[in-house]
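Shared chain: chain A. Partners: chain B in the first complex, chain C in the second.
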Partner chain A sequence: MSTLTTIRPELLRLSQDQVGVLTPYFLILSGIILAILASVLKIFSPKWPVFILVIAACGAGVSESFRLLDQSPVLLFNGMMISDTYSNFFNILFLLAALFTSIISFRYLDREKLQHPEYFILLLFSALGMMLMASSLDLIVIFIALELMSIAVYVLVGFRRADRRSNEAAMKYFILGSAASAILLYGVALIYGATGHTQLKMIFTVMQIHPESTSPVFMLGAILVLIGFLFKVSCVPFHMWMPDVYEGAPIPVTGFMATGLKAAAFATLVRVFITMGYGRGLSEILQHRVHDLLWVSAVLTMGVGSFVGLTQTNLKRLLAYSSIGHSGYLLIGVIAGSKSDLSFAPGVFYLSIYAVMNLGVFIVLGLLSSRDDSGLNIHDLAGLSRRHPWIAFSLAVFILAMAGIPPTSGFVAKYLLFYSAIQADEIILTIIAVLCSAVSVYYYLRILVYMYMMEPMGSPRLLRVPLWTGFTVAAMVVFTIHMGILPAGLVDLARKAITSL
Partner chain B sequence: MDISPLFFYGLAGLAIACSFWVVFNRNPVSSAFSLVLVFFSFAGIYALLDAHLIATLQILVYAGAIMVLFIFVIMLLNADIPSFDLARSHLFVKCIAGFISVLLFGLFTWVFQKSPNSRALGPFTVEAIEASGGNTQVLSELLFSEYILPFELTSILLLAAIVGAVALAKRKLAGGRF
Partner chain C sequence: MKVEPWVVLSFCSVIFFIGLIGVLIRRNILIILMSIELMLNAVNLTFVTFSKQLQDLGGQMSVFFIMTVAAAESAVGLGLVIALFRTLRSVDTDDIRFLRE
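== the complex of A and B ==
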C-alpha cells in the first residue's frame, strides 16, 4: 500500500514565471492592505490617500494584465489556479470596472455624505474575488473566491445605512445569496463524493477513466453547482432578488454589480464548462441534461427580462429587468458555444461590450440622480435633450447599444451571438431571442422618447459634470460606437482568450 | 454485533428532530439551544466515521464559539418576543413549501439509492490516510502544501468580512465624517 506524500515543499516555492504572472493579484492585495493601513492611521484624513491608492492599484493591475495578455498559460499552486490569456482578459475587465466605479463613487459618496474608506476597500476586495474566480481551476478556490466577491458586495449594497430600501436590498441579497452559496457548496461536496477530486481537470480525467462515476449523485452535484451560478447571474427562476437589490443599492454599486459580478460569474461558468469538456468528451446524458436546463432557463430569462420590463417606470428597476434579459442572451452564448466554430468567443465579446455600455448608463444615471438616489423615474428624463444635450446623447448611445441597434456595439454583439446559435442548430432559441429582443426595444425606446420628445416638467436643475466623469463617459461613448463599426480587434482578442483555455 | 448503525440512527434522528425544533420554535433562545444539539449530534456522526478531528472542531467551533455568539446577539437584541409567526403565512404558501420539501426529499432519496455504492475514488482513501499517519496529521500537512492557496484565500476572505462588519457597524450615521 502506498503512503501519501503530503509534505511537498516544492509546492510552496514560486518560480520566476509564477511570481511574474501573480503580479496583478499581488498589486491588488497590497493596494487593499495599504488602504486599510492608511484608513486606520489617524495622522491624516483617509479620504484622498485611500482613493489614490485604490486608483493606483487598479491602474497598475490593468497595465500588468495587459503585459501578461500574450503570456503562455502558467499553472499555479499545484494546478489550482491558472494564468492565461482568458484570465488576464477578464482581469482587465474587472479592474477597469472597479476603476471606473471608484472614480464615479468619489463624488457620489461626497454628495450622499457617505465618504468612508471602507467603501473603496470593499470594492477592491470584490474585484480581487472576481479575478481569482475567473482564473481558478479548483471548485474549492472557485467557492472561496465567489464568497470573497459576494460578501464585499453584500456590504456595499447596504452601504446607505440610513435608507430603508438599501437595508432591505442588502438583507434580501445576503439571505438569498447565502442560500445559493450553500446550494453550490453542497453540489461541490456531491461532486467530490462521486469522483474524489475537486480539481476540474482531475474530475474530467476521472470521468473518462471511470464512466460509472457520472452517477446520479454526480449529476445532482453538477446541477446544484449550475443552480448556484444561475443565481449569481440572476437567470429565471432565480432572479427574484435582482430588481429589489438593483433599486436599493447605491447607483455606482448597481453599475458594478451589473458589470463585474455578472462578468465574473459568466467567465467562471464558461471556464468550468470548457475544462469539464462540455461539448468535447463529457458524457452524453449529462450534456443533454445541462443543455436542456440552460435552454429552458434562457427562454424564461429572456421572456421575463423583456415582458416584465415593459411595465417598469423606475429606471433602476427597468435596467434590472434589462440586465435579466441580457443574462438570457449570454446563456445562448454558453449553450451554442460547444457546437459553433466561433466557440464561446461571442459570449466573451458580448460580456465585454455589455460591461462598457451598462457601466456607461449607470454613470449617467449617477449624474442625473439627486440626493438619496431619487429623481430616477422615467418622467424625470423628460426634455433632457433640451437641458443637457451631451448627457442625453451619451445616454441615447448606451441605450441604443443595449437595444442592439446599429451602428452601436450592441448590434455587433447580438449579431455574433445569434450567428453562433444558428450555427449550433439552435433555430427555435434564436427565433425566441430575436422576438424578445424586439419586445425589449419598446422600453429602451421609451427612454429615448422621454428624453427627446417630451416637454421638460418642473424647474430644470442644472448639473455640473465633473471633468473626470465627463472624460470617462466620452471614452465609453467612443468605445461603444467604435466597436459597432470596427469590432474585429476585440473579437480576435476574445477568440484568442477562448482558445487559450 | 456491530452497534454503530444503532448509534448512527439515534444521532441522525436527534439531529433531524432538533432541526425541526429550530425551525418551528417561536422562541429564538430555545431555537438556538436546539441548534447546539444539532451540532453535537453531527459531531457524534463524524466521530462514528473515524473523523475525530472534525468532531472535536465541530464541538469547539460550532457548538462552542459560534453558538455562544448567536446567543449573545439574541440577548443583546432582546429579541425574545416571537417575531416570526408561522401561522401568519398563507396556507397556499405553506402547501407549496411542504410539497417542494417532499419532492426534494424524494429526489435525494432516489439519487442516493440509484448510485452505485462504489469504493471511494481519489487519492484520499481510508487505507492511504491510515498508512500515512491518520486524519489529523494528513489534514494539517495538506493544508500547508497542496491546499495552501484555498487556505491563504480564506484569510483574505475573513479580512474582507471584518472590514465589511466594521463598515456596517461602526459608521457614524448622521455626521458622515470619518
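== the complex of A and C ==
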C-alpha cells in the first residue's frame, strides 16, 4: 500500500508555472462550461452565444499554446501529465482543427436544420480530450482522454438523428470503438500487473532495472495496447469501420475525424514510443515484435488504402481510403523514427501538413454538397472548373498535395518520410510505399480529370461561398503551397517538438 | 480459503474473451453492449487482482475511473441504440446494411 503514503500534500498544490502551462486546458474547459450555461438560457436563441464562446475559447487556446511553445517542459499532477513543445504544438493543431470545423459547421447546421448548441460543446469536449491525450504520461490518463475524445465523436457522427446512414455509422463506430478501448485497457491492466505501474516513465525504469520483467504478460499487454492504437488510427486489419463511418458522418465531422482524431492518436503513439524507449533501451525481443507488427500493418494499410480506393466513386468513401493509405505512410514515420537522425520529426511534419490539406478538402466538399450530404459522387464534380474555377482550383491544390506532387506541401512531407525510412535501412518498405503512392495517384488524378476535362451534367447549382469560408480555404491553399516551397520553418518546429520529449 | 491470483487472472481473461467473442458474433445490439461491459469488468477485476498481488493501491484507483468511463459509454451507447431504433425499427445488426460494405 505504498501509493497512499507517498502522496505528499505539496504535490497536490499547483505552482505558479504549472498554472501557467495549464492555461490552454483551463481556457477550453471554461469555454465548455460557459457554453453549456449559455445553451440552457432560454431568454434568447442559444446559437450565437454558444458559437461565439466556442470560437473565442479555441482562439484563446491557440494563442496561449503559441505563447507556451518555447516553454521548457513542466511536469504536472505528480508526473501524470507534461506540458512541453510537443504537446503545445499538437494543442495548436487540435484547436485549429476544432476552430475551422466550428466555422464551417455553423452554416452546415443551419442548412440541415440541426442547429443545436450541443454540437459545438461536443466538438470542444473532443478537442479537450485530444489535448489531454497528447500531453499525458500515464496509461490510465491516456485511456480517459481517449474516451473523452471518442465518446464526444460517437455522438457527433450520429448527429443527423433522422438520417439512417448517420445512425448506422455512429452505431458501428461506437461498437468497434469501445471494443478497441476495452482491448487497450486490458493491455494497460497487463502492463500494470507486470511492472506495478501505469506511468510510462516508471514502467521504463522498471524495465531498465529488471529486464526480466519483459515477461509474456508484459509482451501481451504491450501488443494489446498497440492494437488499441492501431484501431484508432485505422490501420489494416482494424480499418473496416472507417469507410462506413466517413460516409455516414456529417461532412464537417468527417473532416474533424480525419484531422484531429488521427493526429491525436498518432501524437500519443509517438509519445508513448519515445517515453518507453523505443529504439534506445527497450528490450530487444519487444523491439523486434513491435517493429514486425508495425511493418506488416504499414504494408497492408498502404496496400488497402491505394488499391481498394481505386474502385470508389463516392467522394467520402474515396477520402476514407485515402486516409487509410496516409495512416500507412505515417506508420513508416513511426517505424523509421527510432533509427534515422531526423527522429520522429518527419512523422510530426507529415501529420500537420496532412491535417491542413485534409481539412481543406472537407471544407470544399462541404460547400459542394447539397442537403442530406448528397451530391458527393465523383460524377457531380464534372465540369466544376467551368462553373467555379476558384473552388476547383483550391480542391485541385489539396488533392495534388494528398497525392504528393510538387510544388505542394504533400511532396515535401512524403520526401522527408521516405528519406528517414531509407536512413533507417527500411529499403523494402520504402519501395512498397512509393509504389502504393504511385497507385493512389490514379484516383486522385481521376478527381482532377472530372473537374477539368468533363462536360458538366444536368443543371449546375450555383454556389454562394460565405466570406469566412472563402478566407479559410484561401489561407489553407496558401499554406499548402508555401510549405511545398519553403518548408524549413515547420520542419524546424517539428524537430524542436520531438527533441523536447 | 485462499484463492490463488492466477486462478482469478485466468478467470478474468476467460470473461474478457467471452465478451470479445460476444461483440464479434452476436447479432443483437443490446447484447453487444452487454458484452462490452463484460470486457470492461474483466479488466476491472484484473486491475484489482494485480493491485492486491502487488500491494499497490494504484490499480484499485484505476477501477473507479474505468467504472465512470464505462457508465458514460453505456449511456451514450443506449442513446445511439434508441436513435437507431427510431429510424430502423430494429436492434439487429443484420438490418444495419444501409452503408455499402
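The working rule: the second predicted complex is superposed on the first by the 495 of 501 C-alpha atoms of A that agree within 3 Å, B and C clash if a C-alpha of one lies under 4 Å from a C-alpha of the other, contacts with A are read in each partner's own complex, and residues count from 1 in each chain.
Heads up, the rule we're going with is that a contact is a pair of C-beta atoms (placed from the backbone, for glycine too) under 8 Å apart; a residue touches a chain by one contact, two chains touch by 3 or more.
These numbers come from a predicted model, not from an experiment.
Once the two complexes are overlaid on the shared chain, A:Leu122 sits against chain B while remaining clear of chain C. Look at A:Leu435: by the touch rule set out above, it reaches neither chain B nor chain C. Look at A:Ala179: by the touch rule set out above, it reaches chain C but stays clear of chain B. Comparing chain C and chain B on the residues of chain A they touch gives the larger count to B. Of the two partner chains, chain B is the only one touched by A:Met81; chain C is not. Touch criterion not met for A:Val19: it reaches neither chain B nor chain C.
Judged by the touch definition given at the top, the superposed model places A:Ala189 against chain C, while chain B stays out of reach.
In the superposed model, A:Gly248 makes contact with chain C only, not with chain B. Contact with both chain B and chain C is seen for A:Ala162 once the two complexes are overlaid on the shared chain. Shared-chain residue A:Glu147: touches chain B and chain C both.
Chain A uses residues 1-4, 140, 144, 147, 151, 154-155, 158, 161-162, 192, 196-197 to touch chain B in one structure and chain C in the other.
On chain B, the positions that touch chain A within their shared complex are 107-108, 110-112, 114-116, 118, 120-124, 127-129, 131-132, 137-138, 141-142, 144-150, 153-154, 156-157, 159-161, 163-164, 166-168, 171, 173, 175-176, 178. Of all the residues in chain C, the ones that touch chain A in their complex are 9, 16, 19-20, 23, 29, 32-33, 36, 39-40, 42-43, 46-47, 49-50, 53-59, 61-62, 65-66, 69, 72-73, 76-77, 79-81, 83-84, 86-88, 96, 98-101. The touching residues of chain A, counted against chain B in their complex, run 1-4, 6-9, 11-12, 29, 32, 36, 39, 45-47, 76-78, 80-81, 113-119, 121-122, 125, 128-129, 132, 138, 140-141, 144-145, 147-148, 151-152, 154-155, 158-159, 161-162, 192, 194-197, 202, 206, 210, 212-213, 215-217, 219-220. Put simply, chain A touches chain C in their complex at residues 1-4, 140, 143-144, 147, 151, 154-155, 158, 161-165, 167-172, 174-175, 178-179, 181-183, 185-186, 188-190, 192-193, 196-198, 244, 247-248, 314, 317.
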